[in-house]
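Some notes on the structure that comes next.
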């Protein structure tokens, strides 16, 4: 039966002991989106052509946040990340920017939290940079899309 | 006309100069939710009674993340927070936990990003603590609900 | 003869070169205590039953501080922790809470400092949360209890 | 009656709202000690004359840790410190080093936690630097000695 | 006579007490440069037109580093920055990129260290991003250019 | 042909995937200098004899900054450092202090950035500690001197 592994048998929070796990190559992909007004969407999309590029700032924020994951998520193990990509696509009909983060490591635990944290930080940064125009933006659909490596094997989120 | 204030007139990213702004009392409220399977939802809700309490860990993660906002969001001003609350409600029909973060400061810029960051970090922590049971949880509807203080005045998000 | 290894032969502080050491499984256990008034002691002990639980906040503070050890202790090597536990017992006669932290890693250096840092941060957090009631609490007896792994082998502190 | 102010009326942890408090000058003094073998004590004391000075490293660790207090103690308010001193005295009969940290700020909350954190980090750093010689050192008697400023006024710990 | 203010009368390092100083508006400008091969210089300059823009990454690194100054420089006071700009110019004859950082705050101490730290971090980031092409780049001429506000008044570096 | 590896084929910044690289022993040596007035130079040099030692503070700042490199440089991989040395020499004719940082690790990427960051932070700290005497100090000639380990082999900067 599945368990909340971050608690021990007495119900106390702990950082799970993974000492005996093997170091394996791991990868996780997370996705999310931020929806906005048509005007804001167009202004951000134009940024790809102009120099004032919201998405290049958000990409760096996502990459740097992935490295801080174990500092943000209390019971998360520290990990030496070996690669991070954060990419964006424009959903022209919904006036939304879609964020996808891919994180890799060789280690004893997976990088799901790192990929989700990178996605969240990139979305928050887009909000920060466009909030003078549009305070009603909504961040959503942040979820794990795929996960490779480790004992639990290959997970694909059948959405 | 509204602008992307985080860029100067040459389109270069900068931390906006707020030196001449007055220090005023400010407050922001953000909300979000995390949806999950019925089994996971019930297990987390039980945690309120047992000692193994997912939400008390997530609450602390949210409060601590609020304090790190200017380290996570590249162009965000540092602020001395004077109060942070993170609360949860259970949506029994949707199998979702709703997160609400309220942040206060006395300063030259608002605390919207702090409230949104607290909400995101609390949601990510719930994901982390329950992911051994349920990898398909979805974080969503993260948005600013209300904002007081500062030049732009009282904002209420008419959802 | 034993040496202060954090200084080189010219007496200059350095981070000792451990490049040639083997990665081995390591564990350290540290303990400490915080003494307080009878009233404060009883209020904290009740917290185990009520929701307002001082010790669950202190536990998280200890776990998170263990991950920050190399940032706090100037010449300490960074390490990827593989497990952290922080537990408490109530000393009913002395009106004291005893803290025990166990830290594990697979690495080139031991985790004594991580266990001692977790213990200290948990004690400081108890102080912070109860200081409105009792400013005269005393933190003490923080020491290494046991250490396994590495060249120096199994150490037990014969107290 | 005194209360655990870090919990709200529902027993939920929060960062207490201090928005309406006045900014006043505040100061806190904390003390602690680390006891050790005679040999270790003498080696550290000699360091004051030689260049390899354990205490100057520990002093810096204490000062820098004071600045990280709100990152270490979950519900602690961030504060702009305006002064930090960390000093040491040698207890020749007990083979112990006594640590005293004084922290100052102008702000809405006191700096007790900053002074206690500086003291703890200085003690931990002494442990780290001498642990190759002496693993049985004990850190103790960490307590608030004096506190000035703020609503609760002048507190002196009558030890 | 001028003094090393970061030491007290006994020669012990401390964070200078600035409690009694007034909060005034302050600004500092620092400059530096990184010299490189002609090929590397041209590739970076082209980046202004292509999407792969070394300088926009370096600009963010500089801005974010300014916010971390008190964490990097041991005896530096924490400050709430109210504005940061990092700009670049191309020195076509020397194959060098010139970096200029301007930092503002309202506070009790100046922002010279923040401006110098932003300049250094931006230069280091350019090195990092171009080092696969050119390991022999040299960072230099990092100095304070101008400083306003505070007791010492308006300083202009007559170079 | 050499490339800016921190960008992918679409010109987007990323943290390069090094998952398939071998863990090898790596070492990097960086150097830099800070030039100052004769009076400042003499005062710092005397510090080696007195207790008020600018260089011992700068050395610790350099060592601690090396551990923060991946937090400062946006696309830099985190690494577990296994050794850091920071040393100084006095250039009596130029009134300059020369800084040399040596960093070691066993990992998938090199430690050039860590050595350069340590050198920069040590130089900035010297500036901070002497700036009350001399605001016109100049930090310069920060460059990689030598690099061992990894696919690109042994690099010596032929200056």
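For reference, chains read A, B, C, D, E and F in written order, and residue numbers begin at 1 within each chain.
Here, contacts are C-beta pairs under 8 Å (C-beta built on N, C-alpha and C of every residue); 3 or more make two chains touch, one makes a residue touch a chain.
Keep in mind the model is a prediction, meaning the values are calculated, not measured.
Where touching is counted per the definition, the chains common to chain B and chain F are A, C, D, E.
Of all chains, the one whose CA centroid is most distant from that of chain B is F. Distances between chain centres, each the mean of the C-alpha atoms, put C farthest from chain E. Overlaying chain A on chain E by C-alpha atoms takes a rotation of 180 degrees, rounded in steps of 5. Where chain C touches chain F, the two copies mostly use different residue numbers: shared numbers make up under half of all numbers in play.
Averaged C-alpha coordinates give centres for chain D and chain F that are 31 Å from one another.
Rounded to whole angstrom, the centroid-to-centroid distance between chain A and chain B, based on C-alpha atoms, equals 16 Å. Along chain F, residues 12-13, 51, 53, 56-57, 60, 64, 68, 71, 74-75, 80 each make contact with two or more other chains.
Contact between chains, per the stated criterion, is found for A-B, A-C, A-E, A-F, B-C, B-D, B-E, C-D, C-F, D-E, D-F, E-F. Contacts from chain D toward chain B in the complex involve residues 8, 12-19, 21, 70-71, 74-75, 77-80, 107-108.
Those residues of chain C lying in contact with chain B across their complex are 48, 51, 53, 56-57, 60, 64.
Interface residues of chain A, counted against chain B in their complex, comprise 2-7, 10-13, 32, 39, 43, 47, 50-54, 57, 60-61, 64-65, 68, 71-76, 112-113, 116-117, 120-121, 123-125, 127-144, 147, 155, 157.
Remark: chain A residues 25, 56, 59-60, 63-64, 66-68, 80-87, 104-106 touch chain F in the complex.
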